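Labels run A, B, C and D following the written order; every chain starts at residue 1.
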Amino acid sequence: MSDSKINVTIWNEFIHEKEEASVKELYPKGIHGYLAEALASPDLDIRTATLDEPEHGLTQEVLDNTDVLLWWGHAAHDKVDDAIVRRVQQRVWDGMGLLVMHSAHMSKIFCALNGTSGKLHWREVGERERLWTVDPAHPIAAGVPEHFELPYEEMYGEPFMIAGDARLIFISWFEGGEVFRSGFTLQRGFGRIFYFRPGHEAFPTYYNENVQKVLANAVRWLKPVVDIPYPKTHMPESLEIISEKSFSFSKVGIIKPE
Amino acid sequence: MSDSKINVTIWNEFIHEKEEASVKELYPKGIHGYLAEALASPDLDIRTATLDEPEHGLTQEVLDNTDVLLWWGHAAHDKVDDAIVRRVQQRVWDGMGLLVMHSAHMSKIFCALNGTSGKLHWREVGERERLWTVDPAHPIAAGVPEHFELPYEEMYGEPFMIAGDARLIFISWFEGGEVFRSGFTLQRGFGRIFYFRPGHEAFPTYYNENVQKVLANAVRWLKPVVDIPYPKTHMPESLEIISEKSFSFSKVGIIKPE
Amino acid sequence: MSDSKINVTIWNEFIHEKEEASVKELYPKGIHGYLAEALASPDLDIRTATLDEPEHGLTQEVLDNTDVLLWWGHAAHDKVDDAIVRRVQQRVWDGMGLLVMHSAHMSKIFCALNGTSGKLHWREVGERERLWTVDPAHPIAAGVPEHFELPYEEMYGEPFMIAGDARLIFISWFEGGEVFRSGFTLQRGFGRIFYFRPGHEAFPTYYNENVQKVLANAVRWLKPVVDIPYPKTHMPESLEIISEKSFSFSKVGIIKPE
Amino acid sequence: MSDSKINVTIWNEFIHEKEEASVKELYPKGIHGYLAEALASPDLDIRTATLDEPEHGLTQEVLDNTDVLLWWGHAAHDKVDDAIVRRVQQRVWDGMGLLVMHSAHMSKIFCALNGTSGKLHWREVGERERLWTVDPAHPIAAGVPEHFELPYEEMYGEPFMIAGDARLIFISWFEGGEVFRSGFTLQRGFGRIFYFRPGHEAFPTYYNENVQKVLANAVRWLKPVVDIPYPKTHMPESLEIISEKSFSFSKVGIIKPE
């Protein structure tokens, strides 16, 4: 494992692929297994982790060696241990990139970082989705056309409860009449976050070349730029001379209002 | 209680005022008690709540009848029950305004809504703070001078771990050499949030007329504009005719990648 | 004219209504004339101004007495005098609200405040537009349904070249397959700005009750909150004692690099 | 000139260095000449341009071959030709990065892109400035300490009239009691913008290693990510079938309000 590679961990709850025959047929190795192969590249060192592994496969050691974490969850958000969620959140605050996929809009980790409920409208009839690239200059949109289509997808509709600093890259049009903010970035602490809507388990969305392009771009963009945990020294000495009126309040006692 | 009044609840952990003589002398009725009197106005219906009351004084009924909640906490963030935090968070998502005060930058409720750690640097020597109004056009800054001073305050220093959509109204200069984003707004769900830095328990900050002006303005600005919980119907019928290729995916089974 | 009223000026280039019979039939008094009647309300003092009046009807006196300016232009953006554009811009910087309507996305005043080209895609076939309210908690969305339709409109499509601080309230879905950020706010200096897409001259868009509701809400929200021109004194005395090493650089001459 | 290099053009009005002896002593080759040497690096292809060259040295050919433009101006903002300003603005919209330096906060190009007046307070007594890195995770802050000092600088004070999407990286503390948003990014069209405050001509600011580090980082970050001018086809065919009720409005005439 070379230091110059980006260490990627693809996390998947891995439930639908085991319980539903049609999903299993689509992703026999799981969504995580499929994406690990689809995103394979010499500059990436990719591993996977799933819900039923010890500590969901996200030990402190694994996270400490992860530059970018992909997260796919849907049926078992509440099965993810709160302690692991806090561990992932701390790693994002320290700089790890996080790619939140599709139904993970309601995952504990996304809500904890986003600060909202993550709610939206949805409809599962396999309708056409067209994604529009609203910020073609963003590195995540590099090589992605101005618009591209997914013939069958679940609909997600506005209003989508997300934080106000969502920087939009993609907006979706749905055949049934809805729109959705489908791709946007956030930053929390020192870590970058990218949410990407498409990816319902029952449709071959991850086989789509534009979807793969977006994910591949995102993994590179999410890589931490600098390695600087929040400084340990929280109580610094003053940098300037504080005037004689200053005092250690605990010794002097109450300062009467003037 | 008239419907046209703004229902305000001032929450305080109420610990320093009981345990430290100098703080008790400054705020004999507690910070919450002092602020309830200082902010009293015909258009406000103000009540208080504290940590050691049942459910911290924040029952569902109290919250349902609160338009704007003020939050002061410092020594006992971890004593606040997670269920109450979730209840407050849900009310903010539904539209309740939240005024986060001083050391509540590390409170569970602010971190849950903000999505970051809330970390910062600090120094407690009673130095001079000068607040600069960087957005004089904001309603919260109405009547507040371009800058004003607090002769004795705790220092909070950057980097301050806050979400990227913090809309700045005040930046502080400190005698010891630091700067700080001291006043800013956020929105989470349908609720508005305002964080205001000054307010250390050992200094007479809340007696300051400009500080009171900011708090008074903020309470009015934080009032919910509209009363609309997130719509109940999450699975809408399509508004447009979906073409014949559409299908109920669960009946049709796998869509083979093309 | 009572001081408690909001002074509104509706500006219109007023060309299509004179040159095209079908538009004239729709808006015989001009779009400005129609809107002046449709928005009439006891709390508003509404006047109109058009391109071919002296100074386009926007004398310094008119602007000084305008709280909120509505702007409709399309065919004659380049006919608007640069000096008038600067005058309007200065008033926005000083606090006047600006409502930019439909094809004014390419007006000189919007581009000057927005900082971008204002470009977009468009198609003029009279297709169905559906607006989605993505921030139902915003005052401009008060009383507006989660979505509403305009049966015949010109299409505007992404990517729309707007500034990054556009705070979204509405996103449009178009029958022909596009999406568009149709309603958003900006602030420049002390003035608030709202852009609202619908309003093509050939369709009866301004007759729509939801469109009127949005415009009516926007006029109230755009009203300046505070009346504070940027402070005149730009070279203040220092507020703190500057150490002995300080100097008047013009007397001392070069400071050699250390 | 290799394609893999970043093409940098450093523009300077080049007036103070010719008219004031002390400034000339500090920057005998001009600020542009000094920076061209200080920033020299194998991955950069640096040229300079000044106000008194034909077309200010910014011909269409020069701009077309510029990835990142640095801009220093102060005494002669009004001498910059409007046509050249529009040319530079168009290149930014098309993707060119722009580094706006110090007193260029009032340059025509910055105001045109920013959309505000660029006003601020200032004081020229050579006081101490301390910059705080408020977003240590930003690539422009890579290797820059949490804070660093400039012993002698001109003061710039808030409120600073800038657009709301200014993403803050640095905030300054001044010895005389002010604060300032000293480093932030914007995007306009496809181009990235970075404003950096320090750099008064009378002080050896550009000799400072941290200042040079910021500029060097910024040049790399400002490089266009993708090469995609705004699409030429502004009137696309519809991507979906538009229902029979649609029409060419110019043939059908007025659509009566329902």
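The rule is simple: contacts are C-beta pairs under 8 Å (C-beta built on N, C-alpha and C of every residue); 3 or more make two chains touch, one makes a residue touch a chain.
This is a predicted model, so every value here is computed, not measured.
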Each chain counted as touching chain B and chain D at once: A, C
Chain separated most widely from chain C, comparing mean CA positions: A
Interface with more contacting C-beta pairs, comparing B-C to A-B: A-B
Length of the line joining the C-alpha centres of chain B and chain C, rounded to whole Å: 31
Rounded Å distance between chain C and chain D, as computed from the means of their C-alpha atoms: 26
Inter-centroid spacing, chain B versus chain A (mean Cα positions, whole Å): 26
Sites on chain B at which at least two other chains make contact: 130, 136, 146, 157, 159, 164, 175, 177-178, 187, 189, 231, 239-240
Footprint of chain D on chain B - complex, ascending: 130, 132-136, 146, 157-160, 164, 167, 171-174, 177-179, 181
Sites on chain A touched by chain B in the complex: 21-23, 25-26, 90, 93, 112-117, 119-128, 151-152, 155, 157, 159, 161, 163-165, 175-178, 186-189, 202-204, 207, 230-231, 233-240, 242-243, 245-250, 252-258
Touching residues (chain side chain C, partner chain B) in the complex: 95, 130, 136-139, 141-143, 146-147, 175, 187, 189-191, 224-226, 228, 231, 239-240
